[in-house]
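Structures given as structure tokens follow.
Two complexes come next, and they have one chain in common, chain A, joined by chain B in the first and chain C in the second.
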Partner chain A sequence: SLPPVLRFPCAVHQLLDPGRFSHLGTQAPQCPVAHLDNQVPTERTRAISRTLENDPAKHGEQHVGQHYNISIQELKTVFPHGLPPRFVMQVKTFNEACLMVRKPALELLHYLKNTNFAHPAVRYVLYGEKGTGKTLSLCHIIHFCAKQDWLILHIPDAHLWVKNCRDLLQSTYNKQRFDQPLEASIWLKNFKTANERFLSQIKVQDKYVWNKRESTEKGSPLAEVVEQGIMRVRNATDAVGIVLKELKRQSSLGVFRLLVAVDGVNALWGRTTLKREDKSPITPEELALIYNLRKMVKNDWQGGAIVLTVSQTGSLFKPRKAYLPQELLGKEGFDTLDPFIPILVSNYNPKEFEGCIQYYLENNWLQHEKAHTEEGKKELLFLSNRNPGLLERLCAYL
Partner chain B sequence: MAAPSVSCGAAVPYRLFLAGRVSFAREQGLWKAAASGLQTGTRCQILRLKHSPAVTTTKNVAALRRESYTVDFIKKQIEEFNIGKRHLANMMGEDPETFTQEDVDRAITYLFPSGLFEKRARPIMKHPEEIFPKQRAVQWGEDGRPFHFLFYTGKQSYYSLMHEAYGKVLHAEERQDQLRAKGLFSEKSKSKDLIGSRWLIKEELEEMLVEKLSDQDYAQFIRLLERLSALPCDAAEEEFVGRFRRTVTVQSKKHLIEPLQYDEQGMAFSTGQGKRKTANAEAVVYGHGSGKIEINGVDYLLYFPVTQDREQLMFPFHFLDRLGKHDVTCTVSGGGRSSQAGAIRLAMSRALCSFITEDEVEWMRQGPGFPGGSDGK
Partner chain C sequence: MRGDGWGEGSPNRAFIMFRLLQGKVLFFTSLSLDYFHLKHSACAKQSLLLEYTVKILKLCGLTQVRWSRYGPEYQDPQIDKEYYRKPLAQLTEEETYERELRKTQVIKAAPATKTSSVFEDPVISKFTNMMMKGGNKILARSLMTQTLEAVKRKQFEKYHAASAEEQATVERNPYTIFHQALKNCEPVIGLVPILKGGHFYQVPVPLAERRRRFLAMKWMITECREKKPRRMLMPEKLSQELLEAFCNRGPVIKRKHDMHKMAEANRALAHYRWW
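And now, the complex of A and B:
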């Protein structure tokens, strides 16, 4: 939360006082606030900040800087996990989910639309400074693919899998590796919510024996494997491994198109903070989840695409200023991911900035009287330097 | 009586000191013999007991009670100091001939690093003139006859100074009359050498004359000097008056505003420096820009992740309503996060002074409560 304004010399009191907004979830822009004299007509601001085109497939250059709406139902199915927590709070407050259309996402969409599914999957890496919008661009892509009926394999934050895991079991499949039942089961639940319709269609091609009493026959739907993983938490990690293997195998057959989306892929090749009982550190390869995921992001399969982001925010043992893929992935990761298409996500350009401010104004999020004026906008511009994350934090009250 | 407090730099053999003290007294013979054998404090007590009947007869009671040093003693100290300075120069590998007092100070702080907070308690090595308080030399000769003709006034230096000054006044008036008689008299303004300097204060005069003065004496003296300086003087008299004036550092009331400089592309820019606590910053503000700020080669968003620091940077521009109009490149070192932000803010404001009118500079200095600049905020 922003520190109180009282700290600064009294001359600065005209500086931006963060807007106050009650979290009662008022319906978005219906009642213009009465006390404004120089109120901008709502249609014009809507034209700047919003677009009615809600299908990502039809987004183009003209929509850059405008927000499009995602309905709440779609949000629940497409994004059971994966939205950044602050965005989730904003969705809850405004009672609507609006994503801004931006250039890097458009570029990626263009590539995805023109993918040749006979070729091996292409890897795209979104990189950029902290707070520039990599995760939300990834969500934009995922929404597009979901609308196009792809199978979404979305790992919301790979960093969560390499740190702060309470229970590590020795893997049943391979004695050298470690299982993470909790993380795996959570992920399986969300995966099920996202891809319900596919799970019954895809059939496994091997027989898997869980323990003496339970096994999955060849040809049974994938949903069973997922169920098994959710119910028997001990086998969750193995279930995840099986899901990944099957999907990889079968997407090459052309039954469905697969999108592998990993946020914070630099976690796969970094260090972990997990230790064995004898306090010796564990390398990422020794975690079964990470091991299988690494196999997934290799481009030795066809019929889909791999979109990744590298982020410093959750990373371990990486300097704060690092944002280039080379720095964050390390040598090993970079060599594994090479060749990939890097896409830089940068701060807002002036048009996008304007659009964002208008969006907040429409939702009556900025309550300061100076916020509508040019000077107020200039102040915000200066303070945040058009960084989306910072702008959002500046405009927030709590 | 306790050992006298000497500065740490001067090593005074106690014996030498006592011998020096004793030479003031009149009844030399038996005392010299006694003193040369003396080393310890207890003996010193005996010395005092022997000394007391003689005290009432001698003149310089006050001087004997204080620590007093002979002229020979001071001379010896000066010799030792010079030799010591040469030794020190050799030790530091510098040239003894060109070893100044600043070099001496630096060498001493290097050789004897001290963590004491009180700067006057740290080791120093200065010229004995500065260390030993000025003492009056013996005022009378062997036969008891005083040297100075004004000795019996009690304040001989003061009265001799007054006598000298009055003599000069008479001389100058005489000359003035001569010039008037010849018709070459012209009114010359004297004000120029009086500006930027002040008369000595009473304490300084007392220190110079090594005599106690009263307020009336001091006032009389200053009146005489002013009278002298009002008359047309020649060089010798001006030099005489100059001895009693001290320069006053005039605080620059007006901040010198640099004119705008132009670089190769014709872009106007201006530099400013700023300090805050231990942070030093230098900022170059360009006339036309988009509000980008670069600090030590890094964008200001990355350099100051904390909003408070960026608000500090924003304030000069916001005050003058020039938020997105200038580009800034700056370098900063030292201090912490907050003081670096403050230093850069000061440097930017100073650089911005070149771009705005004088009124606005004054308005910026006084704050928003001051009328002026662009009103109506």
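And now, the complex of A and C:
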């Protein structure tokens, strides 16, 4: 944090002109900006690329292009799954997790701050070309909601549930549907890590019989259902279904606020690559996990919000250049999700690009001597076309 | 005429590949025109040099094997951006003369692999080409970039784990590590099979600069391909080997030392070399 010497002039400003700074919270980031001329160039680069405001609730227009820090403990609790793999590698290499504040995320934060929890849940869809930052914007939103003590229902990648599944069991609950024990149990483990404190508070409102010997009574905490799903992998899919049903029912009562975050929601209405024993293809409705998730994404419940991402990476049977929601969701998906608020995530603007490059330079990630020069920066701009994903991959080997 | 790929070929030397008309031996020769005091431009000198070399070699019963479709009048392209950015007012007389001359000359097409990028490195390009199999340059280049990234990440890990004094010694630039590792792997002296009295003897011979570079890269690639564990990917193995060679240990350095020891053992045969 800043030494007290720099804070003092800001306080003086506030006394002389109380109308200028309307809230105390943004005092900290204003100070480095105010003293640009007096400071060493390293301080200036820090002012461009980093902000000291680590609470997503207080991020505003002035923080666009700046990175804010998430502590490693928070990362482990809030994001046991859901971060893009390259970002996880970057966190491991730099020993710190810094996320950039960008306009689409700020827009969504503004909407979430002004949600009316008495109305049905609003659906927001983040869309954009490959590598523009949809997943990380979603993670920004999830971090905000976790800080505001919402219950986070985060499906890291719905595409993983419709492909490459080794063991498909016939569902015990409904003979027509299929269970995916492995995926369901992994998701339950991560869900438990993210929402420990809620699981003991929320009580189940029905009796659920697992088999002849085991059952969950009415009024027992949700943690028992989750434990049952993790212990008995065969019942994991049904446990997931129960969790989703209970959360949907009880969020309308106003006990807690629910955020449903699904990455790659176009997987719910596409095709799967899974086949039955007689080689006939399985449609997504026949998978119990997908069937229950579709009910979650409908806007017939109150007390929360639904934030979705459509992505072509990982999608099945969709052309590479498709990025619009209509193209990726298909007719069925679009009709089910309609009406929703689309939010476009595009490439970096010049300020964000500069901030990203400064962040890499500060962490000494750009080791090539020419990368520090103006020529090098121009070349990076040209090669990446300001696309965040491409820029990250370019800077990785420079 | 050999092109300027490594930047060492001065215009006054001609390296030509040729073979004996009857036999299968292939070796280099070089002729120098340093005593050529004529006031000819570089291109005229080169074409004359080529003509004379070919005539002399034909006399010895040798023909050219590796040759270029470009005639001697074709000039090498100027890829450097700085050359063209110099404002015309700042050029000296010689440079203006050279520019005017180039306008009249025919220029070879620049190869697709040579770019005016600031990040281009001829050593890395050469290594990528040597790693390439079946013309799959995309795969070779991606392997190269993944290797550089792996080297960088490993060094960053080491940096963060080290204490404050040691942090100054940890090298994090993958390009310096790559160059230093290859330099450490270059042998100083090599062995050449020479036929004498019906037997082939391994004779110690000083190696040319580019032969040394080639051997270092070849040994590195062969080592990584053959001694790799089954499920390990090439970038991981290559990064491991590069880091070990940077610290002067590992199997490639051992191979270089073995070569030196063999040369030392066979030093009695050094008289068999006649060049």
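Note that in this section the second predicted complex is superposed on the first by the 357 of 398 C-alpha atoms of A that agree within 3 Å, B and C clash if a C-alpha of one lies under 4 Å from a C-alpha of the other, contacts with A are read in each partner's own complex, and residues count from 1 in each chain.
Following the convention adopted for this analysis, contacts are C-beta pairs under 8 Å (C-beta built on N, C-alpha and C of every residue); 3 or more make two chains touch, one makes a residue touch a chain.
These numbers come from a predicted model, not from an experiment.
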Contacts of A:Thr172 with chain B and chain C, given as first, second, both or neither: neither
So, does A:Asn54 touch the first partner chain B, the second partner chain C, both, or neither? neither
Quick one: is A:Gln148 in contact with chain B, with chain C, with both, or with neither? Answer first, second, both or neither. neither
Applying the touch criterion given at the start, work out whether A:Asn349 contacts chain B, chain C, both or neither, answering first, second, both or neither. neither
In this superposition, the partner of chain A with more touched residues, chain B or chain C, is B
Who does A:Lys370 touch here: chain B (first), chain C (second), both, or neither? second
Quick one: is A:Thr93 in contact with chain B, with chain C, with both, or with neither? Answer first, second, both or neither. second
With the two structures laid over each other on chain A, which partner does A:Glu379 touch: chain B (first), chain C (second), both, or neither? both
Where chain A meets both chain C and chain B, residue numbers: 375, 379
Once bound in the complex, which stretches of chain A touch chain B? 2-3, 7-8, 11-12, 14-15, 129, 320-321, 375, 378-379, 381-385, 387, 390, 394
Over in the complex, which chain C residues touch chain A? Could you list them? 117-119, 145-146, 148-149, 152-153, 156-157, 160, 172-175
In their shared complex, at which residues does chain B touch chain A? 291, 298-302, 305, 307-308, 310-311, 313-315, 317-319, 321, 323-324, 367-368, 377
Listed in rising order, the residues of chain A that touch chain C in the complex are 89, 93-95, 364, 367-368, 370-371, 373, 375-376, 379, 396-398
